[in-house]
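Here you go, one structure.
Chain IDs A, B, C, D and E follow the sequence of writing; residue 1 opens each chain.
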Amino acid sequence: GDDDDDSADATTTTVDSMPEAPTSEADAETPDADAEMPDAESPMSERCGDPDRLGDSINFLNWADYIDEAVLEMFEEECGVSVTMDTHVANEEAIAKVDAGNSGYSLVIVTDYAVEIMSSQGLLQELDMGEIPNAANIDPNQMDPYYDPGNVYSLPYQYSTTGLAFDETAFSTPPTSYSAIFDENSHCGSSSLLEDQREVLGAALVYLGYDWNEVSQAAHDEALDLVLESRDCVTGFDSANYIGNLASGEVLVAQSWGFAAGIAYLDNPNIRYIIPEEGGTIWQDNFLIPADAPDPYTAHVLINYMLEPDIGALITEFTIGYTPNLTVPPLLSDGYYEVIAGAGLELTDDIRERLVWQVRSEEHSIFAETWSEVIAAG
Amino acid sequence: MDQHSQRGTVSLRKVTKRFGDAVAVNAVNLEVEAGEFISLLGPSGCGKTTTLRMISGFELPTEGRVHISGRDATDTPPHLRTVNSVFQSYALFGHMTVAENVAFGLRVKRRDKPTIERKVQETLDLVQLSDFGSRFPGQLSGGQQQRVALARAVINEPDVLLLDEPLSALDLKLRQAMRYELTRLHDELAMTFVFVTHDQTEAITMSDRIAVMDQGEIHQLGTPVDIYERPATRFVAEFIGEVNMLEATVVGGDGTRTEVLLSSGDRLTCAPVGDSRLTPGVSVVLTVRPQRVLLTPEGGIDSQEHASLRGELRELLFLGDSTRGTVGLADGTELVAVRHNEDGTHPFGTLRPGDRVDVGWRHGTACLVQ
Amino acid sequence: MDQHSQRGTVSLRKVTKRFGDAVAVNAVNLEVEAGEFISLLGPSGCGKTTTLRMISGFELPTEGRVHISGRDATDTPPHLRTVNSVFQSYALFGHMTVAENVAFGLRVKRRDKPTIERKVQETLDLVQLSDFGSRFPGQLSGGQQQRVALARAVINEPDVLLLDEPLSALDLKLRQAMRYELTRLHDELAMTFVFVTHDQTEAITMSDRIAVMDQGEIHQLGTPVDIYERPATRFVAEFIGEVNMLEATVVGGDGTRTEVLLSSGDRLTCAPVGDSRLTPGVSVVLTVRPQRVLLTPEGGIDSQEHASLRGELRELLFLGDSTRGTVGLADGTELVAVRHNEDGTHPFGTLRPGDRVDVGWRHGTACLVQ
Amino acid sequence: MMAARAARAASGGSGTALRRSAAPLLAPGLLWISVVYVIPGALILVYSFLTPKLGGGVVWQATLDSWEEIVARGRRSDAGWGTVGAAALRGIATAAVAAVPTVAAARYLGRRISRGLGFAALLGALAAVNHLASAYNNYTAVFARSVVWSLWATVVCICLALPLAVFISSRSSPVTKNALLIAVMVSFWTSMLVRTYAIRFLLANTGPLNNLIEALGLDRVVFLNTRFAVILGLVYTALPFMILPLYAATERVERAQMEAARDLGARPPQVFADVFVPMVRPGLTVGVVMVFVLSVSQYLVPTLLGGGKTNMIANLLELQFGEAFNWPLGAAVAALFSVVTFAGLYLTVGRRDQEELL
Amino acid sequence: MIRRRPSRRFANLAIGSASVLVYVFFYVPVAVLVLFSFNQARTGGRWGGFTTEWYSALFDNDRLITAAQNSLLIAVVATAVAVVLGTMLSLAIDRRTFRGRTAAQQVVYLPVIAPEIVTGVALLAFFSLTLGRLNDLLGRGAQDALRMGRPTIIIAHVAFCTAFVALVVRSSLRTLDPSLEEAAQDLGANAWTTFWRVTLPSIMPGVLGGALLAFTLSLDNFVITFFVSGPGATTLPIEVFGQLRRTISPEVNAISTLIFGASTLLLVGALVVQSTVSRQRSQRIRPLSRQPRNRAAQARATQATHTQLEGQP
């Protein structure tokens, strides 16, 4: 893009108009996939797998606002499969839908711990890596996760972190710790925590020196007290509105998803993102195929399609997350890198050290119990 | 019997209607002749409407049978009976024009359109509403609505027309006009009319016969004159017109006259009641109409031709057309005399409240009832 | 003037009420004396209710002043006026018992409880409802509700009691009973009663004076006899009682008698109207009450003392208490004669419809109005 | 009026109507509602006795854990006799404070003083129960809060809907009336969510309302994520459900009765309390029930305007059915909540009003 | 021209201004969203100039369009079914006596008083259980299985819409004079004809009101829909709720504005029709008790009633 270094508004436009740019680049790299004439009698793109086994349509369950819709349109045009994407706003919602049986979804995207839960309950089918040649493109760092050793059921889609986002202009010295919210909150009334039992309590736990996944009652009692204390100071426990609020200046420091800080940065270039010294979480969203998926083959094809370099680039440009696909970074626009760099979203090894995965098993129900105290408090 | 000749008859045979424990209509027998104008007259709650609704089929008799036009109709649903009703509230269909209202009965019977149009026009002519066909009921006055309700019923040429207090919602002047209208229609249409009212004047002026009801029973069935002049029971006497009632005990008499002792101590001789079985000792009520009561200064009554009692004039009340005098008898009972203000002067001459007076009536104008 | 002596007077001075363009009450003057029973009588829509509502304060006069008990009350809100109303629909509070309804006025004035209880009991006694205190209005008959409404108003001992057609929803017998009741109460309570009705009998039998209204104006104010016997206008004559009206033209006369020519061609001599300014050529209406009309076979009328006309008996109608004969005159106008059925025989003797008859009236019983 | 209705109902059931069965008319609708409400409701009750499953759903294995959790276990921190004492004190204090205006009102309206005192005592009792519930455990605390806020919302709705209902019904033209009524409905044809979002914008710290406040020289006020915002949202959502039945009731009010009261010397506030309110009571009851039920189980409003800091019972349910993966516990809370709500409604809504409700 | 007492004028003023306040309360948020739909700035809060670009963007936004279509479809179907069922229910309850009438009434009232969220989760549990069993029973494979989606949403919406329709229709049935229906039967109409020709037209305002309410409720329902929706059955509220993860897109404001505008137009049209009809009908209305002004006509009436015809000019 030529208007990269313009104001925030201009940046917005760039990101919005992004679909065209990478598509043309993709065309250049894979000349056989003639995007201009995908239909008619011309042989279907080889990114579409075996046309005989390919279904006509597929139901796809994804996080809301988590993919550039152009991807789906491209897939429809290229492969002739109509994609119906429904969205969920919580992993639990997705699990419930799949668990209800015959959900109709052939492809689902959920976050790490949800994969473990679903696979342990037999809700998933094993992926046939033979149908997903692009799996080879994936960063080994993001493979073989704790929740799915050997990637039997899942492949990574996007990943990101959870840390703190803040408005640079509001701080003389940039915060480096959760104390910016929990203690000595200098921006009382302009700070926010996520609406997520694990993230909030986890942050409190690490701030108090415990492990992010700590389950002892004593530690939780302490964490609860800390959260209840800071409750009066934060504007809210909020996983959505704070993004806009950061942009508008209503919130000055917030516990934030990494990608969200990027989005906020687009509207307000003063936004910065850090992983506090106590630590943060890393999380990864994954492709899954439910055990009772109506059309597993098409799902495999779609997974593979989304792991194509150009498609991956489209997706990552949109989510502003990190791509696990090693072929994607070269295709990403300057605009993307400007956001990552400007907002401080680079994922260095140093930062990776401080990141932990959230683990979820029966014993972690103590988080819900503690959290219900938070809910009960106000 | 010949079916045709019975068209328009209604016959109730030992018809009883109970609502739960309450008896609304009690073993009523009633034979209405074809083409007759019969009124059911009685106080509120006496069972008139219930009786009518059993004829129209909206209530099922608990016991007894209803025959219409000679056929047992007890179990026929309302829409298959050859009777039509005019409801007290008119029950016009507010969403239809007058013409549509009137056409309703024919339309549901799927008559062809030209016939319907012709008959609607005829019927609207009959009730003199030809120009109002395209109005809605809400745009009509009470009397006009009344006539629409009538037209809507008669267009079906029912054997029997049932009318439930159709005039009671109208004011006096309009009521008088509609009475006339109904009588005219009855003459023109030659249908049987069963007319429910609690207004005696209405019943008396319009009907061929009147059935006086009370508490679910028919007390008397007869022509207006019968009912007025020869009430069968105390209730009828009292309900029809104004009447003086004096408690009395039979003390003697023969086939032509009965001697009674009034509670005031006076002894009187009266004409006997119809089938006089009045043996001495029986309590009776002597009834006499106020306009037949003479009221004179003491000694002014010829006791040969008249019964005569002594009393004191308590009150004179100017009623406009007439004046009413109230006389207290020896034992405190009151007797009322009414006289038209015929020539603008006081109809009772110089009598003033407080005067001692004689009251009396021509023999034969008083009646004994039980 | 002394305030006390004026307690209970009502005076309307040139009171006009307009609703938009429509004039409901037009420059009415009315002086009601303390303790009087005055009736406002007139047809529907003539402005009776509006007049009453200006006295009670629910409408503000567009022009003119309202004085109550000698004080200008035009701008006093309703709850501060010393008048109380009995509404046509009773307007009882359905969610309160009878006793609570009656107590309402005292309660809102925060009288102490024992006083309230005592007075409620007294007032219920007065209207003979002592045993009904704990019932709800929905559980009472119409007449009883009426009496509750009355009790609720009189318990406040207003200077003036306003009654808006309180009897019109009742049936005949009950209406008669309630008339009596109201007169009794008026005597006992010594309050001013302003009574609105469109029923002439009601007005005539109960009132000390009657104001006859039409189209927002008072046509005549006078005692019942005045109004009946000496109607000031054609409207009054027609509205009060039944009347025959014959169009006529004045053709001559002097101070003691007036000669008129009827449309039938007959010439008659009448007593003059009150302040006779009837010069020849003026159109007038000759009014005569049906009960003063004689009806005899041809030649049966003594034309010395009576006015007499010739006609044909068209109809005889039995009315119960009386019989009505309708006579068609030469030019087709009709004249009605009514006679009590005094002795059970036909009051018009052997006359039958179709007979040629003479009708007439004693000189002085007919009236000329303009 | 009631007698007339009873008679009508009875007559409706007599005669020809008797011969027809209600089943064909009744069955489809009743069956439908039963399938959607009664059977799933029963299922929820069953679920509350089962074992939770990680990831949501249940394991079909009976246990009383959930009920023990919500009924038997008090809150860790501040349960005990001290709490009972504090609750009692708070109740008494509330009653004492409330007594002044209620007794004054009773005096003014010509009612017995004892009624004023009784009302104050009722408020005190409510306050005490609220205090106890807030201290007992998480579930009762959230429940108590939901109830209290919904009551506030109901009161505000009444205050707003009454004048509007009177205003609309005092219009003379039926077309105007309909237009005004429809205007109430029309705003609801845009998604509640979008409008709530607009409210968020209006109430934000940097939003127009606060800009206005600042322009007036005052300090900015935090509206969002406070009780104020939540109750405002509840009112906004439920108000039409108060307006519609109240309007219907106001339409039926007989002017004559109000005039009769004036005529008997009642001042306007007395007319209002003694005549108008009893007459619109059926509509008021319907409105109160609908607004209360709608508010007490609101999910969107506390979520969008409460920002996680001000939560209601639905948020707790959402936690159990969502992140906590504890459906049986959620089912138990839901069951208890429904039972208490129904019982409360049946106790407070009289027999007569129940008939009026449907 | 009408004089009023000052206190009454004050009361009217108070009531009037309170009413205006309520409408302001209702419509300010609507105004905000309409404004935002023309706002160039993507994130709300500041005015970036007038634009209609969100409207053109809207037409390319299949997700929003589909969601709106779903919402409308579901609302229309649910309303249609609910109007039929609800009217039947209210007829049964009002016009028939049967054992268990009170119980039936209370079941009908359930949707009004049942907390939405409880209904939502209960339905989720219920549908997962029954659909699963049904699929097992029918031996359905994954492809043609019964699953949640528009049908389940409609089933749920019909239930609560039915209750509200029944509620509204019942109240208009109660004010309907029963003798109207008797009159129809008396004139020879059977039960069916009576219903179509007389009962239904008379309670039409109630039925329409109920339909309006049902439509509104269905269109706006989030909680229950959320729990019972399935693949391809995203409704507008659910779609919008998903978008809240970021900031609400101006296209959402645009579509809301469109729906708002369309419904307002529709209803204003209906009102205009109604007002013409009612003006037509009210022409020359005469209350029941009014008598002719013509006194002479009355006088004749007493003598010869048949010459007098009330209503003659």
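As a working rule, a residue touches a chain if its C-beta (ideal position, glycine included) is under 8 Å from a C-beta of that chain, and two chains touch if they have at least 3 such contacts.
Everything numeric in this text was worked out from a predicted model, so none of it was measured.
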Any idea which chain sits dead centre by C-alpha averages?
E
Would you kindly say which chain has the C-alpha centre located farthest from the C-alpha centre of subunit B?
A
Counting only C-beta pairs in contact, which chains form the busiest pair?
D-E
Name the chain whose C-alpha centroid is most distant from the C-alpha centroid of subunit C.
A
The distance between the C-alpha centres of subunit B and subunit D, rounded to whole Å, is 57
Distance from subunit E to subunit C - Cα centre to Cα centre, in angstrom
52
Cα-centroid distance, subunit A relative to subunit B, in whole angstrom
91
How big is the gap, in whole Å, between where the Cα atoms of subunit A centre and where those of subunit E centre?
41
Multi-chain touching residues of subunit C, meaning two or more other chains, are 44, 77, 242
Residues of subunit A whose C-beta touches two or more other chains:
96, 99, 241, 248
Can you list the residues of subunit D that touch 2 or more other chains?
16, 18, 57, 204, 206, 321
For the subunit C and subunit D complex, residues of the former touching the latter:
56-58, 77-80, 83-85, 87, 89, 91-95, 104-105, 107-110, 138-139, 152-153, 156
Which residues of subunit E touch subunit A in the complex?
41-45, 48, 62-63, 124, 127-128, 131-132, 135, 140-143, 145-149, 229-234, 239, 241-247
Which subunit E residues qualify as touching subunit B in the complex?
177, 179-180, 182-190, 193, 197-198, 201-202, 204, 281-291, 298, 301-302, 305-306, 308-311
Using the touch definition from the top, list the residues of subunit B that touch subunit C in their complex.
43-44, 171-172, 198-201, 204-205, 224-225, 228-229, 240-242, 289, 291-292, 317-322, 338-344, 362, 364-365
Residues on subunit A engaged by subunit D in the complex (per definition of touch):
90, 92-93, 95-96, 99, 114, 117-118, 120-121, 123, 189-190, 195-198, 221, 231, 234-238, 241, 245, 248-250, 360-362, 365, 368-369, 371-373, 375-376, 378
